[in-house]
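Naming follows writing order (A, B and C), and every chain is counted from residue 1.
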Amino acid sequence: MDLDLVARSLPALGDGLVMTLAITGFAVPVGFCLAIPLALARLSRNAALAAPARVFIYVFRGTPFLIQLYLVYYGLGQFSDLFRELGVWWFFRDALNCALLVLVLNTAAYSGEIFRGAIAGVDAGQIEAARASGMSWLVRTRRIVLPQALRIAWPAYTNEVVFLMQVTSLVSLVTVTELFRSADMIAVRTFKIYTMYLTVAAIYLMVSYAIIFVFGLVERRLMRHTAPAPGGSVHRRALAVLTR
Amino acid sequence: MKRVIITALAVVFCLSGAAKAEELKKVRIGTEGAYAPFNLIDQNGQLAGFDIDVGNALCAAAKFDCEWVTQDWDGIIPGLQAEKYDAILAAMSITAERAEVVDFTDPYYQELGVIVGKQGTEYKGSYADTVAGKVIGIQSSTTHENFARDRLGDVAEVKTYDTVEQAHLDLTAGRIDFFIDGVIAVTGGFLETDLGTGFAIIGPEIFDKEIYGDGAGIAVRKGDDELREAFNAALKQIRADGTYQSISDKHFGVDIFGS
Amino acid sequence: MPELLDLRGFGDELASGFALTLGVGLGALAVALLAGLAGAACKLSESAALRAAGFVYTTVVRGIPELVLIIVLYYGVPTVVQDTVRLFVDGFRLDFNPVVTAILVIGMIYGAFMTEVLRGAFLTVPRGQLEAARAFGMSRARTFWRIHMPQMWRFALPGIGNVWMVLIKATALVSVVGLHDILFWADRAGQSLREPFKFLLAAAAGFLLITFVSEHVFAFAERRARRGVRQVAR
């Protein structure tokens, strides 16, 4: 393990880390904003809303992220002339745009599924009471269902965010220079493969646990009104989705 | 009595078979399989190309029983060190950096780097001026990457690809403006294909001994002198008896051995 | 439409890649289950050392991206094993089969996730059952094998199903270490024929097929596991 090399690589790795965090920092909120309507659509009784939502979630959860990424970057790149004519090539030309697009759609699908389970898990009695009190669907959803669903979903959503951060390592395969690619470039140049990969693994480990810690603080705040639950339904469901 | 004779004959046959087998040393050769026309995977899923033909010829001359193993370019030297194969024959340039971790045979061909871009792009007197402000694509862990980053990295953006074919796709899509690769590889593997229409070599061949080294050689593990010398001897033999020239002619129409 | 379906001679390769993907996935699932049982046993054990080992295993593996883990383990583990054995046996060479290595590596990675699933499942089996077994005079071992483990599977199934879904998609990453799986062939074909979209779509379809069938298989298995258990009306 060449510690001297590690020390010299830190600036480059630091740049890569910034990119990784920036990508994650963009994809998480945007994906979240898409996931909530997606989950609601999926649960809707209106087939015109539910069916496309189901298909979207199914396709994005049913195929590997790497294939989705290659499809958008190289696959759509095949149609560059067509896209130029349509005036949209400027977007797909940039590797970062393609990567962000796929990340957002992917996390929207997984988060959407998590929120769907959580929304469906909100106590039926609460919803009935809200209806009886004359709340419209919008008010009911915004004030009663979503806050409680968020609480139920939080542990599983934490895992999804950690996974998203880790999966950004794959965008290095479509020419985006983030943390993994930064380490990789140094590794192949110096042939100190294990030194660099073990270092980058350690960095990922630290970032993963930083995310879990921060999200754990939020969870404590969300759950501040409850006593620790004895392995009941909330946690069973979280456990099931936990291993996403 | 009959039984004894039959057994004796059987033993003799087996021994002679075993003796023959001992002459053929098993050697595994690693190659990429994604660098036409040197090494590629054809429509039947088989390895083909200049490197494969030369490798097979060398093995025949050295009396080796050779087996080919494909490996991603980035991991090709680690794979050698991890003993997944015993030699690398994959259009790999002999450079000082690489020579620190592996041993090379004598060069088996010479190649120079070139810059490829859209036909009609003006060569502005120097490589740096020509690519300034543009995007260059290169394959990762190649001498061309070193050239692009060390010599042109200050004036142009450099994008790294795992395979040259991915870079070709992006060049035609317009995501990169230039692509740097070996002149033989890029001519046979790109410019002369359908995808390469409208592209050309921009400017002269790159002369940069420090980065490009001494030509391409076969890499073996450090200290594996026996294998290295065997390949060197085999190389001299196929040069002497014309096998090399006919393989080179078949793929390129010229002798690419160099001086 | 016919043009989209024309695989230009790479059909067999894609099919063999598909078979490899499935093979690696199923093999890795088996390894993951074994590793998960070991891990869960460690985490639930009374020995602090074993608990710590289990914690380190699950924490480290789940904190690092699969891409990094696969590359490090795929090249690293055979080398480490080889070097270690070399200390005792001169000139030992491990001719590791790439597919077997990939199965072991992916199995070891997802064993960490499986550990959590199985651990949770073990904990969900009602204590009353275990207490009753001990009260009847069953030894600890008997209780574990006859009462605890069989019932654990019922609770573990949904989690195992989830881990399988993630695992099988992660096998697409073995193309990065050069295994000839379906993504490898889709890449090769797409790049050399300059039609990446068509072939990547084919690979995606292959995975959708696997996930579709898997969902139904697991739903069936869950239904069967629940037979005989009283269901509360919802």
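Here, contacts are C-beta pairs under 8 Å (C-beta built on N, C-alpha and C of every residue); 3 or more make two chains touch, one makes a residue touch a chain.
On a predicted model such as this, the values are computed, not experimentally measured, just so you know.
Just count the C-beta contacts per chain pair and the biggest one is A-C. With every chain reduced to the mean of its CA atoms, the largest distance from chain A is reached by B.
Chain B and chain C have CA centres that are 36 Å apart. Centroids built from CA atoms put chain B at 40 Å from chain A.
Averaging Cα coordinates per chain places chain A and chain C 21 Å apart. In chain B, 78, 166, 169, 172 are the positions where the chain touches two or more neighbouring chains simultaneously. Multi-chain contact residues, meaning those touching two or more other chains, occur in chain C at positions 71, 75, 176, 194, 196.
Multi-chain contact residues of chain A, defined as those touching 2 or more other chains: 74, 77-78, 173, 193.
Those residues of chain B that touch chain A in the shared complex are 74, 77-78, 97, 100-101, 137, 140-141, 146, 159-162, 166, 169-170, 172-175. Note for the complex: chain C touches chain A at residues 59-60, 62-69, 71-72, 75-76, 113-114, 116-117, 120, 123-124, 158-159, 162-163, 165-166, 169-170, 172-173, 175-176, 183, 186-187, 190, 194-197, 200-201, 203-204, 207-208, 211-212. Against chain C, the residues of chain B that register as touching in their complex are 34, 36, 40-41, 43-45, 70-72, 75, 78-79, 81-84, 163, 165-166, 168-169, 172, 194-195. The touching residues of chain A, when paired with chain B in their complex, are 74, 77-78, 80, 84, 89, 93-95, 173, 175, 177, 181, 184-185, 188-189, 191, 193.
By the touch rule above, chain A contacts chain C in their complex via residues 58-59, 61-68, 70-71, 74-79, 162, 166-167, 169-170, 173, 180, 193-194, 197-198, 200-201, 204-205, 208-209, 231, 236, 239-244.
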